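Okay, here's the structure, questions in a sec.
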Amino acid sequence: MTMITGVHTRKGIPFWRDERVLNAAAQVISAVIVIGLVYWMIVNFMEITRQRGMLLSYQFLKEPAGFPIAESSIPYDPTMSFGRAFMVGLINTLRVSVLGILFATLLGFFVGLARLSSNWLFNRIALAFIEFHRNIPLLVLLFLWYFSFFSKLPPVKASITLPGPIYINQRGLYLAWPRLTETGNIFMFSIGIGILLASIAWVVLRRRRERTGKSTYFGAVSLGLLILAPTIGWFAAGGTPLLVGIPTLQGFNFKGGLRLTPEFAGMLLGLSLYTAAFIAEAVRSGIQAVQRGQVEAAKAIGLSNYHVLSLIVIPQAMRVIIPPLISQYLNLTKNSSLALAIGFQELFAVGKITINQAGRAIPVFIMVMATYLAMSLFTSLVLNSYNRRIQFIEK
Amino acid sequence: MRKLFPVIAVLIVFSVISAACGGTPAPVEQPKVVETVVVTVEVPGETIITKPEAYGSIAARVRERGKLICGIHTSLLGFGYLDANGRNVGFDVDFCRAVAAAVLGDPEKVEFVPMTAADRGPALQTGEVDMLSRNATWTSKREAEWGNFTWTMFYDGQGFIVRKDSGVKTLQDMNGATICVTSGTTTEKNLAAAFADAGLTYEAVIFEETAAVYGAYDEGRCDVATSDKSQLASVQQGFKNPDDHEILDITISKEPLTPAVPTGDDQWSDIVKVVMWGLINAEDYGVTSANVDAMKTSENANIRMLLGSEGDWGYSALGLSPDALANAIKAIGNYGEHYDHYFGPQGIAFTLPRGLNNLWSNGGLIYAPPIK
Amino acid sequence: MTASTEMLAPPTAPGPIAWLRKNLFGDMFNALLTILSLTVILFGSLAILKWVFIGADWRPVTGAPLLYLIGQYPRDQIWRLALSLLLLTFLIGLSWGVWEKFVKAFAIFLGLLLGVLAIIPLETPTVTLGVRAVFLANPLLIYLGYRIGRLQLVKSQHVVTLWLLVTAVIVLALLPGFDSNPLLPRVPTTAWGGLLVTLLLAVGGIVLSFPIGVLLALGRRSSLPVVKVFSILFIEVVRGVPLITILFMFSIILALFLPAESRIDRVIRALIGIVVFSAAYTAENVRGGLQAIPQGQVEAAKAVGLNNFQITALIVLPQAIRMVIPSIVGQFISLFKDTTLVVIVGINDLLGIGKAVLNSDPQFVSLQAEVYVFIAAIFWIFSYYMSYASRLLEKALGVGER
């Protein structure tokens, strides 16, 4: 079963040595085995469902879930349906994954560069960071963060207060955060327009510069558009589309402003730090893969350290860094399923609770697996197409 | 784009499965529900009893194997946990030993299978375990979907623990509070229902593990922790300052914690039930693990019947030996002894007043049909 | 921060002052960075030390240390574990004697670790003198094995055979035992636990997944469309979902797809899940190796008249596998860490035992941090050591240097 085909069959070769016959036989046999196995399992399954009276339908998705979910970006309460609960879980997974990817990338690049620092001490700290995180299971790391850091923060009444105001306590991190008023939608719309116009201007003007070689000030124009459109929107909305919500202590907890719960923060932090350690190693080896001559040549033409890094080293290193980076992003998304251990309910946790509460193991399980699969495939599709764009075109 | 092929294939497969499942709510081809090959048992004299095929199969399997397979908890204080030597101990766990003593004559012939809350239903449905004694609340839905629940072993109710200085006394006081709760059990559903009925809001902090729930509460992550009252009482003793907390006098649910067996084998279900009755009757009559042998010649005919020295309490029909219940009592003591071993004033787990779990004759709910 | 590649040692060793100036106080920015780093290190380590020695309450760990190592393995059968450990350490010593190099560091590390375990002062009745004696015997056995291994008459193929034999006996007979055998009564895997199960799952996972992974990799590169589609489907689906969903599937859902009354052991079910997961990743690693084999090799083999099977088995695979050994080792380390997820499906591995201990006494409810720090430390020591060993292995194999 190697990649060699196309051997001519002469007359007289017995059929058991004829490669085409053998190949066909191998295919039929493997197909029969796999399909037979699947068929056998389905037959067993039907037998068990029939015996035990299990129901196989997705009707339950419309029934009220009856269980609470710790935090949700969309309105949710236990009287809503299982389907809604599933959505809440999915959004939580996306939220922690996207933010996790962002933080892990920033931190990973920082640590990776620190590993290359000529300052010995700084370098060693980065190394310690990497070795610490790479050699502890993520699940244990999450417990460690949650139970030795987040739950040891001061109680609400004795919150750590930072200017802003920012309050840090056991119930979370509270910060002042703008929230939309009734006319806020107009303002948000104008921001959207601004971003759209700015990106069009960026692309068009940049292309023109590449074509004509003349400076088109694409950066400045885009920035101008980005500021101008929301300003118009601000006044169109009557001046107060946003109000800054300031957290204040009411009853048991702080209300208002933005709040990160310790469970979400713990998950985000644990996931980002863990992944950052792996990204840092990828960054370090990527940069080391850039030939020394490149750096020397860049220095010789008088580029500053910053410019050597940003114009010569990083762009070339990225070609090496991107593939492992993609697999780290995928890992991070998949690892977000461990959040249930520290009380953050994402997709897997909600699925598991649904199996407990509704008893529909198979349908729920298919939904959870299919969702993760779709997310992984979508992410790798997008990132791989980006990867193909930045790789050398070999001639 | 070759990579896309498996993606599409998988999605198609999934959607076909989903469609197939969604289209037919209950795939019933034939009206027969349980395959019932009728076995006729000749009972000397008159009647002919017909029994389904599965009847007696679990007990036979247990005897053949020489071991009882019992689904239990390994991390729930008092009910199912590990001692320092790694032995499975606990109020629920020892009941498996009693059943093993009754059926096999040796309380140690048990294979304990640790289970998570999510495993319990499937393990019963697929017959992976012979019995489940893992802090499971008996509900109609579970009775219908999981298997047969036998006889309630512990009556519990869901309550709340709060800090005394919070001033919370009633459910209404908890409006807007942060509440720590375990996931995947009846507890979180009861909590949601109680607050919805009262028109109150709360913020849930939900963990998989009970230790995590109370750890977080003790550190101050939550204003309130909710669970079965027995559990609250047990963990309160471990808090940094036990006296700063109090268990409120509110009970929002009924939690009859009951061992269960797979469905379809009435004989096995009866055996487990009768073992429980035996333990309860033994307390009624004052038979303990210490005096069980002496009591075999007691003057009380009921006791002689219970211990198998006279008459047949049904053991022959259940396929047990006459002293099956005596063995069970010898293994873990009568119900009261068993309770005190874990929860009594000198209990090895924690101290919990018997309350509802007193004998019926002492104002509790523990009551069993007579053994005769 | 400069983008220079890693520092190479200067030809002559400079004095400490010069070294300091060069590496720590090169310029203003560097000096600032050094001072900042020093502050972080100082305060960080002070806080940690203070917690470890004063703040922390280690009772959940010191109360039942054997639980973490062997879980619920019946204490009256503990001699079987002791014997297994002694056999393995002797073999490690023997391998050190025969192969030197990368076994050396591992053997010394293990000897020291077990020696320290033997003499750690703990006041607990569960650690008997016998247990300590077994631990103490290990370093001696390693040394004994080393001396024997140095003898000329011990060949490496003997040691390999011995390894296979001893592992098979331990895993198939000594530890699980047999039904109704008075000397070796059966110990169901549900009673295994702690580090024992963690290691078993990791080693079992990587060993069993390897052949499956190789087959899948070959299948993925096969010219037969059916085989190829099945392989791709398997690999991509498994790699597209989290390990925890696969474990969940095998421990809970699988039973619904098998004939009623068929009972597969729980630890075995988790192991199957791990093998399935690991096989997909092994397949991708091996595929990388296969792709790196120049086409000329195949053509040359074809020219000397080897058939397809011979080409794959004798020419392509050996080269490909040698090339991917480092990535397989890396995969083993991450598998070792990933085994902690079995706790979510209710298996008492090292982390699961930690949870069980936390739930075994009301006093332990607020001592979660201590237990998790302890478990993290164990994992850290093992996996740090393994990644160190894998670097040595990489050097020894000369992979990447042609």
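Assorted remarks:
Just so it is clear, A, B and C label the chains in written order, and each chain counts residues from 1 on its own.
In this text, a residue touches a chain if its C-beta (ideal position, glycine included) is under 8 Å from a C-beta of that chain, and two chains touch if they have at least 3 such contacts.
Bear in mind the structure is a predicted one, so any value in this text is a computation, not a measurement.
Contacts with subunit B and subunit C are shared by A. The greatest number of inter-chain C-beta pairs in contact is found between A-C.
Computed from the mean C-alpha positions, the centre of subunit B lies at a distance of 38 Å from the centre of subunit C. The mean-CA centres of subunit A and subunit C are about 28 angstrom from one another, to the nearest whole unit.
Taking the mean of the C-alpha atoms as each chain's centre, subunit A and subunit B sit 41 Å apart.
Subunit A has residues 48-49, 51, 147, 152, 340-341, 352, 355, 361-362, 373, 377 in contact with two or more other chains. Annotation for subunit B: residues touching 2 or more other chains are 3, 7, 10, 118, 122, 125-126, 208, 212, 215, 219.
In subunit C, 236-237, 248, 252-253, 256, 260, 344, 368 are the positions where the chain touches two or more neighbouring chains simultaneously. Within the complex formed with subunit A, the residues of subunit C that make contact are 1-7, 23-24, 26, 30, 33-34, 37-38, 40-41, 218-219, 221-227, 230, 236-237, 239-245, 248-249, 252-253, 256-260, 298, 302, 308-309, 311-312, 316, 333, 337-341, 343-344, 351, 368-369, 372-373, 375-376, 379-380, 383-384, 387.
Across the complex, subunit A meets subunit B through its residues 46, 48-59, 66-70, 77-79, 147, 151-152, 155-156, 170-171, 251-253, 262-263, 340-343, 345, 349, 352-353, 355-357, 359, 361-363, 366, 370, 373-374, 377, 381, 384. Interface of subunit A with subunit C (complex): residues 1-5, 19, 23, 26-28, 30-31, 34, 41-42, 44-45, 47-49, 51, 113-114, 116-122, 125, 131-132, 134-141, 143-144, 147-148, 152, 287-288, 292, 295, 305, 308-309, 313, 334-335, 337-338, 340-341, 348, 352, 355, 361-362, 365, 368-369, 372-373, 376-377. Interface of subunit B with subunit A (complex): residues 3-4, 7, 10-11, 14, 17-18, 21-22, 24-29, 33-35, 117-118, 121-122, 125-126, 141, 144-145, 176-178, 181, 183-185, 188-189, 191-193, 196, 202-208, 212, 215-216, 219-221, 223, 263-264.
Against subunit B, the residues of subunit C that register as touching in their complex are 63-64, 66-67, 70-73, 75, 124-126, 179-180, 188, 190-191, 193, 229, 232-233, 236-237, 248, 251-253, 255-256, 260-261, 263, 266, 344-348, 352-353, 355-366, 368.
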